[in-house]
Amino acid sequence: MAEARSVDLNSDLGEAFGAYTIAPDEELFELISSANVACGFHGGDPRVMERTVSAATAAGVAVGAHPGFPDLVGFGRREIVATPDQVRTDTLYQLGALDAFCRTAGVAMQHVKAHGALYNRAVKDEATAAAIAAAVKAFNPTLIFVALPGSILCQAGEAEGLPIAREGFADRAYNPDGTLASRQVPGAIIHDPDIAAARAVRLVGEGKLTAIDGSELELAIDTLCLHSDTPGAVAIARAIRRRFAEAGITIRPMRER
Amino acid sequence: MAEARSVDLNSDLGEAFGAYTIAPDEELFELISSANVACGFHGGDPRVMERTVSAATAAGVAVGAHPGFPDLVGFGRREIVATPDQVRTDTLYQLGALDAFCRTAGVAMQHVKAHGALYNRAVKDEATAAAIAAAVKAFNPTLIFVALPGSILCQAGEAEGLPIAREGFADRAYNPDGTLASRQVPGAIIHDPDIAAARAVRLVGEGKLTAIDGSELELAIDTLCLHSDTPGAVAIARAIRRRFAEAGITIRPMRER
Amino acid sequence: MAEARSVDLNSDLGEAFGAYTIAPDEELFELISSANVACGFHGGDPRVMERTVSAATAAGVAVGAHPGFPDLVGFGRREIVATPDQVRTDTLYQLGALDAFCRTAGVAMQHVKAHGALYNRAVKDEATAAAIAAAVKAFNPTLIFVALPGSILCQAGEAEGLPIAREGFADRAYNPDGTLASRQVPGAIIHDPDIAAARAVRLVGEGKLTAIDGSELELAIDTLCLHSDTPGAVAIARAIRRRFAEAGITIRPMRER
Amino acid sequence: MAEARSVDLNSDLGEAFGAYTIAPDEELFELISSANVACGFHGGDPRVMERTVSAATAAGVAVGAHPGFPDLVGFGRREIVATPDQVRTDTLYQLGALDAFCRTAGVAMQHVKAHGALYNRAVKDEATAAAIAAAVKAFNPTLIFVALPGSILCQAGEAEGLPIAREGFADRAYNPDGTLASRQVPGAIIHDPDIAAARAVRLVGEGKLTAIDGSELELAIDTLCLHSDTPGAVAIARAIRRRFAEAGITIRPMRER
């Protein structure tokens, strides 16, 4: 599987807000190839967004938008039963806001990845998925659409003709159907860097993953998500990079793959 | 003054928010040539912004951004002692957000006009004025910068080399130095359509205006602001258009002048 | 049914926000007996809250809290998939905030009625209903708990031992099971004052109502809701009062019944 | 000065928000005697507020309200040019909201201390100071009013007849007139635990302090503020407690002094 011997590493960055910080952004920039930058609805503010785009660019990390539900106190992790029109226009607003900072930094936005509850809802709800994909298509049809492979979200991006980056998770447990296990389920978040790294190498190198019930999944992915706010995120990222180097897996932004 | 026989009419629109409306936007679209569209910080939300850009475009009204302080409960009318960096990045964010809706509507953003307390602060504070101008320059140096003529805000736009539209007000009283009388001052807001219209014709046709103390001002303007939330805004706009027609003054978007 | 010959009329008031107004509060104060006052999460701000409590008290209208989801842009009409702990603490916060204005106005809070999507979710979700009831019980167990009769919300209030006011709606259509028809359903909102008034008289006088499918419901109610933001709310309230007067039905705050 | 041999130690706690944390609250609870609890406007949310009141009470720490400007992204550190009516009603709202959690925790609110830019503005602006004092008086005239001694804020509390706690700062530099040096001034924030502790002992034990220009100040204080978000806050608090123990200075909540 020569084509699987390179992968993108993406992480959610720029989720600080005002006086609040939440993740070790500075350390992660050196470890990833694509940054999903919060756009002010679930996290991020204009200063944080500008700094994040600038730091990502300086580190050679590609920039993408990370739109979420308008729910700062819930950090975008609570589903809002929004209409498709609300999802579509909220997404457009956030894409535009981030694009201002890409433009002034002289960098082209690479991709879009929905955040938290918006991503999770879009993975299973057609109208939400279509609303996000429609916003991306209308804003810039060359943006790469990041989605769980095989999901309704992925299909919505394909239906709009968007370039797709299929996403995998090294630090999250999977259900046997290829969906992510809920964060509420024990064991849903993998904290051990060695276990996460071993899963990552197998997923990228062989396209295989063990689900939470012990069954085996086949998954072809283009980008691997490293959760920035998982305790030990930096340790996990370092372990994965070390194991990738040993396995001959190279790390490249999704647009270069 | 042949060059003064046309003028732009601008109005703040799209300041509704969620279930709340605040101005007779629909009626004003037929009466103005340029819309200053709220960007979500002091008013406006993504649905309102999309609708407003779309309705403006359908009515042949040019679209501009109307960034404000992040103060919905204060409707952007309270000064926030923000740093220049906060003003600059807040402005960039708002420009980008609105631009998403311009882009999807297939229309180019024409201008930028700061809102409320941000405008008023920038008229007299150099650092704030420079921060707004810097944001506009960085985002798109062809955007027309709307400012009170002779003000520090106007000078900041000129210093960045931005095209300037000098703005006048038919429904606001002026201080003898050419600044606007505070809304708190009795008589600061002119409610009588006939008086406002007469002031407008004299201002556009002759470049002259009577200040609140009775003294005479000379003012050359490119665009006349019609406050959308002044009670009787529509009546004032109609009276002005009628008087302009009688006086042979034509109404054109600022980019066509 | 002598005991049904008096009823409370409640309405959601104080839902303005900053420069935005949304309902003819002043006119409604003369027509109702209990006001559900927004607490700043879906509408209302501290100035509006103070004014509303003061105006209600001056008009002899009893004051209750109207807590909602923290979603101003959605006006509290969108469900947020909040945890019971989030619902409980958000409710406590809003009860306390409103109570400050009751205290300074020298008036005791009479009741609590959840708003919009929070009410609708609590009508059918036990954990949400229990969270609201627990907040009310902990804050002040003598507060009257307003709920759709027979609903899960009503049961949650009863389980906490709270005094209950069973609520009916004259301007909303009912499903055959006694729940409210969704606002998205055609005919769900009754705009005709005469029809609403006739339904109100029959509901209060006879305890009967015709559901949206034509079937007959039996409903005993203590308070009748008049939606303040229904177009024609004032006309509906006036028609109901006129018909009540003709039918000998008196209007009294829920605590006096 | 036997009466100065005990002092209250207050600290701003509960300033986390949603997924964001900002200060080592848990460690500080063991070191202080009074907590100024954020009320949701500049920091804090209903869950954080409940947890903070509960943890303070469990640690024997008295609870006070810490109202701020409605500016989460600015963390309440930017002045908003609010009207006195806005300040008064915003303060009332926040007092009520926090009181709900005091009530359910079975603890009486002890004091009120304005936050950040609101405190700083009230120290020098009479209308703002009077608005805060009026809110406290109307809400509960037995609440202790925390203020910089001799300041306009302090005078406003005295004018309302509120019990006053005069506040000093061990980790902030003073101007020669007894006001605090701006955080923008180099040296305004004292990071060295030993220096802060030595200043604290001298201030509490002798009522003396060296100002930023080297001049000597005389200051009688009732409560000493430990900034929770100063880097090294815990180390400073520990150093002060150790030095207090050596000097025979006891630490007691302000209501017990």
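For the reader, a short list of remarks on this structure follows.
For reference, chains read A, B, C and D in written order, and residue numbers begin at 1 within each chain.
The rule we apply is simple: a residue touches a chain if its C-beta (ideal position, glycine included) is under 8 Å from a C-beta of that chain, and two chains touch if they have at least 3 such contacts.
No experiment lies behind these values; they were computed from the predicted model shown.
When the partners of chain A are compared with those of chain B, the chains appearing in both lists are C, D.
Steps from chain B to chain D, taking the shortest chain of touch contacts, total 1.
At the interface between chain C and chain D, over half of the residue numbers involved are used by both copies, so each side presents largely the same positions. Note: centroid distance chain B to chain C, computed from Cα atoms, is 41 Å. Inter-chain centre distance (chain A to chain C, centres taken as mean C-alpha positions): 42 Å.
In chain B, the residues that touch at least two other chains are 73-74, 86.
Only residues 40, 46-47, 49-50, 85-86, 89-90, 92-101, 103-104, 138-139 of chain A touch chain B when the two sit together in their complex.
Remark: chain A residues 70-71, 73-74, 78-82, 86, 117 touch chain C in the complex.
Those residues of chain B that touch chain C in the shared complex are 17-22, 43, 45, 72-75, 77, 229.
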